[in-house]
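Next come two complexes built around chain A: one with chain B, the other with chain C.
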Partner chain A sequence: MERISKGAKFYLAFVMIILYAPIFFLIFYSFNSGDSMVNFESFTLDHYKAVFEDDRLLIILINTIIVALLSALFSTIIGTLGAIGIASMRNRKLRNTMLSMNNVLIVSPDVIIGASFLILFTMVGIKLGFTSVLLGHIAFSIPIVVIMVLPKLQEMNNSLIDAARDLGASKRDILTRVIIPYIKPGIFAGFFMALTYSLDDFAVTFFVTGNGFSTLSVEIYSMARAGVSLTVNAISGLVFFVTIILVLGYHFISIRKTKVGVRK
Partner chain B sequence: MKNKGSVFSLIPYYAWIILFVIAPILLVGYYSLLDLDGNFTFANYKQFFTSVYLKMTLSSFWYAFLITVFSLLISYPAAYLITRLKHKNLWLILIIIPSWINLLLKTYAFIGIFGNKGPINAFFEKIGLGNQQILFTDFSFIFVSVYIFIPFMILPIFNSLDKLNPALMDAAKDLGASRITTFRRVIIPMTMNGIKAGIQAVFIPALSLFMITRLIAGNKVITLGTAIEQQFLVTQNWGMGSTIAVFLIIIMFIIMFLTGSKEKGDAQYGKNK
Partner chain C sequence: MSENTIISFENVSKSYSDGTQVLKDVSFELERGKFYTLLGPSGCGKTTILRLIAGFMEPTEGDIFFNGKKINKVPANERQVNTVFQDYALFPHLNVFENVAFGLRIQKVAEAEIKQRVEEALKFVNLAGYGVREIPEMSGGQRQRVAIARAIVNDPEIILLDEPLSALDLKLRTEMQYELRELQQRLGKTFIFVTHDQEEALAMSDEIFVLNEGNIQQSGTPVDIYDEPINRFVADFIGESNIISGIMVRDFVVSMNGQEFECVDQGLNPNEKVDVVVRPEDLELTSVEKGKLVVTVDSQLFRGVHYELSTYDEAGNEWLVHSLKQADVGAKIGLDFDPEAIHIMRLNETEEDFDKRLESYGAESDEK
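Showing the complex of A and B:
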């Protein structure tokens, strides 16, 4: 591998700084005792305290987490079963059609998903609020789970299943004791992606949430529209912290998984 | 792979496809043919083809184009350099982490950074440029969008570059190709799928962003997404909103078709692992 030049290193460093500067800028001012992102007066944790003392904000935070966990759980179950179904299709054309259908929601802009779900929920008569948001999140997370699980299924050797069948395993045994353990890393990755999709979503939630229910993204949007509030900065500090923990956790688990799970 | 799953386990997945993939698209199409009172009409389409909406569509395209081009120009070299680094996977994670921070928070940061008394303006004043209005301009909209999309562009390009067999580069060199020729004739064509995936991941969302336009560009920039949000949630004219959505969906399919990669090519060039 050739060494990269100084200029190249400088360029990469520049990109990195651009990527991180806004985030650190936000976090830096979250410790400002003033009330704007202009002059740093003195260090304080008041804005963090304000987040934890604001019941409304805490409820929104809990809502966000509940929606994320539930939607990740349901979409992982449905998506994994869907992926197994797609992988088992023998008709190539049908399989490709299913895959394109699957990917529609991944490439669709959020606004389209949000607007069309709003029409759907209104027509079916689902009250806008927790249920509609949860259903929406499950719906847009399913395809990403399928995408994460499918490669694992495709790399799986079919003779494993044949062997299991020859040894007398029932269909159910094959699913729970052969297929699922093998594709576990994919399922895990799918769950994690679904979780981050849900936590990150703004546009779809913004469309399908009613008056009484809000998630963190929607709340941040309305706070930011009202003007600068250092509470938002404190929230970003917390979000960044949690994200780093999640990323590191995911990274280490997947490293351990691949180390334990090397079969080749 | 036969008999991997029973028919019953697939029911939820099929239900999802029918309810949340097919039905919503049909419903949007249906609503685009309704006026405010729910009567059948083509008026929305007629209205879309007036200069106001066509201009908006064109300008939305232009912004999305600029955003995609700038993201690509910044991301390709960055992705290329990362593949040459020793701890490339760690670097990749560092690039991806910002994309996991909530979009709204990142956008919100620029309200402070580009603000009248923000650090950029402080810098301008120091070097004698004086106070500039940065927020609520085209520039700030494009800058923030590019900022947000860079990781999404780097990721697919990195993946395709990473799959590239280094022997090909060596071969090109041995056969007398200059570095630029190698780049232009070998590296770019072979990472085309990554570039296309990146363009797809940036261009379509760039057409439909609405929170960035609202927060950063004031109401100066109106994208297709902003218009849809406006019609659905502010004006409450779902018919017109759906009509714009229909066109956005059509554009989306065209872009997917243009940037769609053939399955085979991807596997062929892949490094055998």
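Showing the complex of A and C:
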């Protein structure tokens, strides 16, 4: 590959700085012993301490994680089966229609999805709270899983299924022994996408959550509205830190995989 | 239907929903333990026949029998048939051992027996010790063998091979032809091999079915089909040939371009229009005076074993000649051939009539 020029390097660095500056600004002031982001007085970990001493906040954190894990799990199961269904459709028109309907759900604004869920849940009579948030998250994650799994299915050679049938496999055997192992990377990718979408969702949760139940993003939002507190900065700093660890972890796993692949 | 018949097709037709008919009223019987080849150009219906036997398709009309039982609606996973696919269709997420063991695991065979049978199958295809390899580590020829091992390990009655050699290079392909033939003889199973490569078909088969446009054109041993093609299509498809239209003047005499030649065919109507086939290797270079035919050499290719000459007679017919001797391009030469080299094909003759006619020659020569 051609080496990038100095100008291009400078440009890249510039863009990266612009993108990361606000986050670092936020994190920087989370160590401020004063109570505003105007001037930095001295270094302190008080705000982090406040986060960990705040039981309410910890419960919200646990709620967020539970909702994310559960919604990712259910949406992965439903989305994978849906993708298999779409991929096996013979009728091309019908298949493309299904796919487009799936994609519309991904690109449509969260506010609309959130508002429509709110109407639906109140009409059906589901109590707003954990259940409604979980259902909402599962619903908006399914199209994402479908879109992550489908390419793997399309890449799969149909003769593999013929071969499995030829060797005596029933429909169930084909699904569990051939299709699912083959599309496993897509399923994992879909699961993690659903997980991150659920973790950072604000709009849908904001609409469908009720009294006594909140997730981190909604909570940060209301804290920030209530007035500037550096606790928000501390939480953001922690979330950012966890994100970095996750990304690094993913990076090292994928490196190990490619190395194994090369050895083969 | 004889005791030995394993598969029989009775008036089988297959059409797709869009109306295209890929098989037209096909009937045949296959005997146990033989090596059959379905040969034809792409789109002739040979793969359709294979898929009908495997159970991936159902016939639109007609019946398929397996060991005397009708199997039209029996699904693929319940048939005693295994296929070696064109692209091998090995499972990429499983290693070699698990690929071969796949069918046995589905049947819930005991672990110890699986191990023993898989290792035996791998040994059979000369891949002993390769069990732990992953599929991407294997070369094309090795994958081919894994696919064969995966088919034979289930001990099916019939093994179907769908152009399994087409992805290999020439040398490996020739090697695999020997191996497949030998494997079939050692296993004693019925092999049904689909190919568009006439050399493969001639080299390996006990019997060849030549197909075109959904019909069986001719079936017979490789020698029969090569020496006595039934029509222009078969003669042209199997090996290279010179096909000239002619007129059967009387028994043992055929005329091409107004010139009469001695031949060994008889029993046709006098002055009947026919196609005459002469194989290029049956033509011999000689001097203009001695030649039965006089032709001008148009071009010459060196093919390694022989020279391939493209020549034209005075009427403008092309004569392909395979010769060990070189000729000068542009020169006039004579071509000599035996009466036996001439093979007469009646126009639009059915396979049944054709076989009868050939048999009558045999009977008469026996009387003599």
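Please note the rule applied: the second predicted complex is superposed on the first by the 250 of 264 C-alpha atoms of A that agree within 3 Å, B and C clash if a C-alpha of one lies under 4 Å from a C-alpha of the other, contacts with A are read in each partner's own complex, and residues count from 1 in each chain.
Methods note: a residue touches a chain if its C-beta (ideal position, glycine included) is under 8 Å from a C-beta of that chain, and two chains touch if they have at least 3 such contacts.
In this text, all values refer to a predicted model and were calculated from it rather than measured experimentally.
After superposition onto chain A, the partners chain B and chain C occupy separate space and fit alongside each other. When both complexes are overlaid on chain A, the residue A:166 reaches chain C alone and has no touch with chain B. More residues of chain A are touched by B (comparison of chain B with chain C). Residue contacts after overlaying the shared chain place A:8 against chain B, while chain C stays out of touching range. Touch criterion met: A:157 reaches chain C, while chain B stays clear of it. When the two complexes are overlaid on their common chain A, residue A:182 makes contact with chain C while staying clear of chain B. Touch criterion met: A:216 reaches chain B, while chain C stays clear of it. Touch criterion not met for A:245: it reaches neither chain B nor chain C. No C-alpha atom of chain B lies closer than 10 Å to any C-alpha atom of chain C in the overlay. Across the two superposed structures, the residue set of chain A contacted by chain B and also by chain C is empty. Within the complex formed with chain B, the chain A residues making contact are 1-2, 4, 8-9, 11-12, 15-16, 18-23, 25-26, 29, 36-38, 77-79, 81-82, 84-85, 87-88, 90, 98, 101-102, 104-105, 107-113, 115-120, 123, 139, 142, 153, 158, 161, 171, 174-175, 179, 196, 199-200, 202-203, 206-207, 216-217, 220-221, 224-225, 228, 232, 235-236, 239-240, 243-244, 246-247, 251.
Taken together, the chain C residues at the contact with chain A in this complex read 54-56, 75-78, 81-83, 85-87, 89-94, 102-103, 105-107, 134, 136-137, 150, 154. Taken in their complex, chain B has these residues touching chain A: 1-6, 9-10, 12-13, 16-17, 19-25, 27-28, 31, 74, 77-78, 81-82, 84-86, 91, 93-95, 97-98, 100-113, 115, 117-119, 147, 150-151, 200, 204-205, 207-208, 210-211, 214-215, 224-225, 228-229, 232-233, 238, 241-242, 245, 248-249, 252, 256. Chain contact summary for the complex, chain A toward chain C: residues 157, 159-160, 162-170, 173, 177-178, 181-182, 184, 264.
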